[in-house]
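Both complexes shown next keep chain A, but they swap its partner, so chain B is in the first and chain C is in the second.
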Partner chain A sequence: MTAKPIRLTFIVILLAFLVTMPLWASRYAVNVGLLVCLYVTLASMWNLLAGYSGMVSLGQQMFIGLGGYTLAVSSMYFGVPVYLSVLFGGFISVFLAVLISVSVFRMKGVYFAIGTWVIAEALGICFSNWGYVKYGMGMFIQPAYKLSMSGVYYAGLILCVSSVALVFLLLRSNLGLALMAIRDDDQASETLGVNIFRCKFICFLLSAFITGLAAGVLYLNAIFIQPFEAFGISWTVNLLFIVIIGGIGTVEGPILGAIIFVLLQQFLSEYVGYNLIIFGGITIGVIFFAPRGLVGTLQMKTGWELFPVRRQ
Partner chain B sequence: MPEILKVNNLSKSFGKVRAVHDLSFKVDQGEILGIIGPNGAGKTTLFNLISGEIKPDAGEVIFNGKDVAITQTFKKCRMGIARTYQIPRPFLNMTILENLLVGSIYGAGKSYKESKKQCVRILEKTGLSAKSGALVGTLPLLDRKRLELAKALATNPVLLLVDEVAGGLTEGEVEEFLRIIHGVRKEGVTVLWVEHIVMAMTKGPDRLLVMNFGRRLFVGRPDEAFNSPDVQKIYLGDED
Partner chain C sequence: MPLLEMKDVDTFYGELQALFKVSIEVDRGRIVSVLGANGAGKSTLLKSISGLLETRSGNIVFDGKRIDGLPPHDIVDLGLSLVPEGRKIFSSLTVRENLMIGSYTPKARKQSHKTLKGILKLFPSLHARISQKGTDLSGGEQQMLAIGRALMSRPRFIIFDEISLGLSPLVVKELYRAVKKINQEGMTVVLVEQDVKRSLKVADFAYILQEGKVTLQGNPRHLTEETVKRAYFGL
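So, the complex of A and B:
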């Protein structure tokens, strides 16, 4: 079999490209690279929920907002080092995920989607009425001013690589087998001994943790956080776009989707108002001509996978 | 032989329809109990109650001496109750081997390595070896029925609930399933088998339970069952 060495070479070249990027690329290019890394992370986590565990969440922005605000509050008010604050953001997100799991896990399908969305909206409203975090005016994250671009970039890169690796390893594990079974037929998987609640719970917590971390790094770069932006649905809409055009339920889909999304966003930033039409048009086009997404359709036609998860 | 399953006064209604009504019966270990009855007699509901997918309104399901009427489905599977579905419900985007591994790893609680060995044996037994790497979405009906049975066997069942595995198959294919199920019983597994095909029900089970309107109409040897006037009446209608 020659497929394995080709895959490994491809992955090594890609990693070498990403790791050396701050050495030779312009500041602007590194910034775009960072955004790609963060969107790959966020999209992989959304894909883990929607593509593999049957939980279509429209509320990932609750962990983005919480991760960002935890960073702002703990670094500004308590003088905690910024990267440690990012880590706190992950833990606080897990804490919220545990709290809400009692109620949202009673909902399925579209109810789960609406339930998670409502919680995120409610959090946005709470934060905009909370004096401690300066109401809707938002907060400047001053300790992040003096960070080097490449430091933040590497934090993003580490998250990106580890989230993709995590999803890949998880799918190859026994838990991954159960997740695929749940995705295909949850009732049948339960009669074969799968504890659905436990599997979904693990994925939900993992996704919350890493989304919270990614949000922290995102706001290290953005420096400014505001409740309605941080807890806005547009985050999850972007993730939806990324995963659907890339290929839902594939490891590689979110990677390709994030690259396309970030590049398009850069090119279209001059044409405010048209960009949404173009994003929408592309999504509809992909759904029509490649319903499994670009990666998913390619895999179906060629059988080639960068990260194969099948058991032989 | 000791009793493995005892159903006591089990009842379940959907609105005004009494799907299963005050039903009681016993099954010995290693026995094959066939269950027949007209459409809507409550056979599949009975299976759903035993496997735990729906909870009874009243009554007991005693498995291995323990009332499991309200135990969660995945726990019942781990205790040794496995089922097949009338319309096969395979995991379509997974390979045949992966389909079996789910039951073996989670239901039987085996390690990945042991599971794989066990699954290969079951694939041989059910005639699916050659296709073990195929995606289920590409399989014809006969193979999906084989797979449905194989998945249940992968969980290492003590009690196997078979729901119309022979429906829609040719006589030769039905014979094949008869052989497989008799083979399973030889290993000590108890089988409850719902079927409409008379040939399968006369040759397969040791005893037959005949259900009508959710109630027990008759229990006894297959030849006695088919000769009983009550049973003939519900299938062929009253002469008067």
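So, the complex of A and C:
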């Protein structure tokens, strides 16, 4: 069994690379690293819902918008320290998740997807008509100007590492076992004593919390928040792209997917308009030739996993 | 007082009525057989007991507590377990994981290692295949796995839905031996079967269903083949 040391070495090298990055890399590279970290976080949380819990949400942007606006309001209007404001964003997202869970958990499959999307759209409209948050003009998060790039980067890195670790540990726990059983056959798992609602509820809240936090860090970096962008569907479309090309229902998929996505986004930023065509083309290609995504297909062929979640 | 008592239960699928005032009693420590042709309402009966289907009227009492209207996981927690028809082995889980999911309720989880040992003793062939995918097992072994999985919740009451379906006579014989052993260890057993002869041989009491109604009940030793046939087919 040499797989374990290889795995550990790989993870340690990767972590060392990420942790030391602000010391040797350019500001631009660190910024790209931060984006990768945040997209890994967001995509892992979408993957936890869609890939493991059977809840294909199209409304993750509701937590992104809410996390961002909480940061803006509490740091600008109440003078709360920015990182504490980010934390508030996570809590407010959980609060929203609890509120809407009563209605969205009655919906299944495509109805759940549409239901979550509609809520996000409605929130976007509400915020754009709300004078307190300056309508559709948006808000500048001035306290974030003073932050150092590396500080924000480390916040993103912490989120990224802990969200991957969280998904990994969660899948190895009893809850993870139950999620896999529910995915295979929900009725059979129910008659074995699995409380389906509870399992899905926990995942939904976790996903909301971490998405809200990641949104806070995202807007620490972006500095400007505007309702139709923050609550826009394009966030979830990007996450969908990341998770599908990386490999849905794998821990590593969102990581690889996020790296590819952010790099492509950087290279294609000059070719506005064409970039969407290219993203779409890649997605179709991957769905055709590697329906389990790059990581999923690789795992099927080699059997090697960076984060093995199975109990031997 | 019987361990499970069902009284005048009506169950519907939408507008369609599937059970008509069904009353059933199962005493502690017994093996009770529920027989009936396809569409007689056996599966509906099980779904009503295990909480997958809501009953419209009547009540179901388990060990002195009303269980109709409770969610399935609460019913499992009270000590009622089901071996589903068609085995329903989880395809992405290994044999061990399939067994572990059986002890998901907090009470059962504490003793899961001890329970697992007992189950591997009951079905030694599962032991050798513990790390394999559950669905890679043979039909008979999958049925053993399904039984083991149901036992992992440490039930007092266990329902077997069509355990002999599609299996060779030799395997069926072995499974029935296991059922008797489980019963001797103190568990109350309900057998839902289409294999009339075999299940009447082991049962202490039998109910025969036809078109959603109980058409015959009694001690199998006192039931003649003639009356069973009539109750079963309605001829």
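The working rule: the second predicted complex is superposed on the first by the 312 of 312 C-alpha atoms of A that agree within 3 Å, B and C clash if a C-alpha of one lies under 4 Å from a C-alpha of the other, contacts with A are read in each partner's own complex, and residues count from 1 in each chain.
Here is the rule we go by: contacts are C-beta pairs under 8 Å (C-beta built on N, C-alpha and C of every residue); 3 or more make two chains touch, one makes a residue touch a chain.
Since the structure is predicted, the reported quantities are computational estimates derived from the model, not experimental observations.
Contacts of A:23 after superposition on the shared chain: neither chain B nor chain C is touched.
In the superposition on chain A, A:272 contacts neither chain B nor chain C. After overlaying the two complexes on the shared chain, residue contacts for A:102 are found with neither chain B nor chain C. By the touch criterion defined above, A:194 lies against chain B and chain C together after alignment on the C-alpha atoms of chain A.
When the two complexes are overlaid on their common chain A, residue A:181 makes contact with chain B and with chain C alike.
Shared contact residues of chain A with chain B and chain C: 174, 177-178, 180-181, 183-185, 187-195, 310-312. Of all residues in chain A, those touching chain C in their complex are 174, 177-178, 180-181, 183-185, 187-195, 310-312.
Interface of chain A with chain B (complex): residues 174, 177-178, 180-181, 183-185, 187-196, 249, 310-312. Partner chain A is touched in their complex by these residues of chain C: 50-52, 71-73, 76-77, 81-82, 84, 88, 90-94, 96-97, 100-102, 104-105, 108-109, 131, 149-150, 153. On the chain B side of its complex with chain A, the touching residues are 51, 53, 73-74, 77-78, 82-83, 85, 89-95, 97-99, 101-103, 105-109, 112, 133, 151-152, 154-155.
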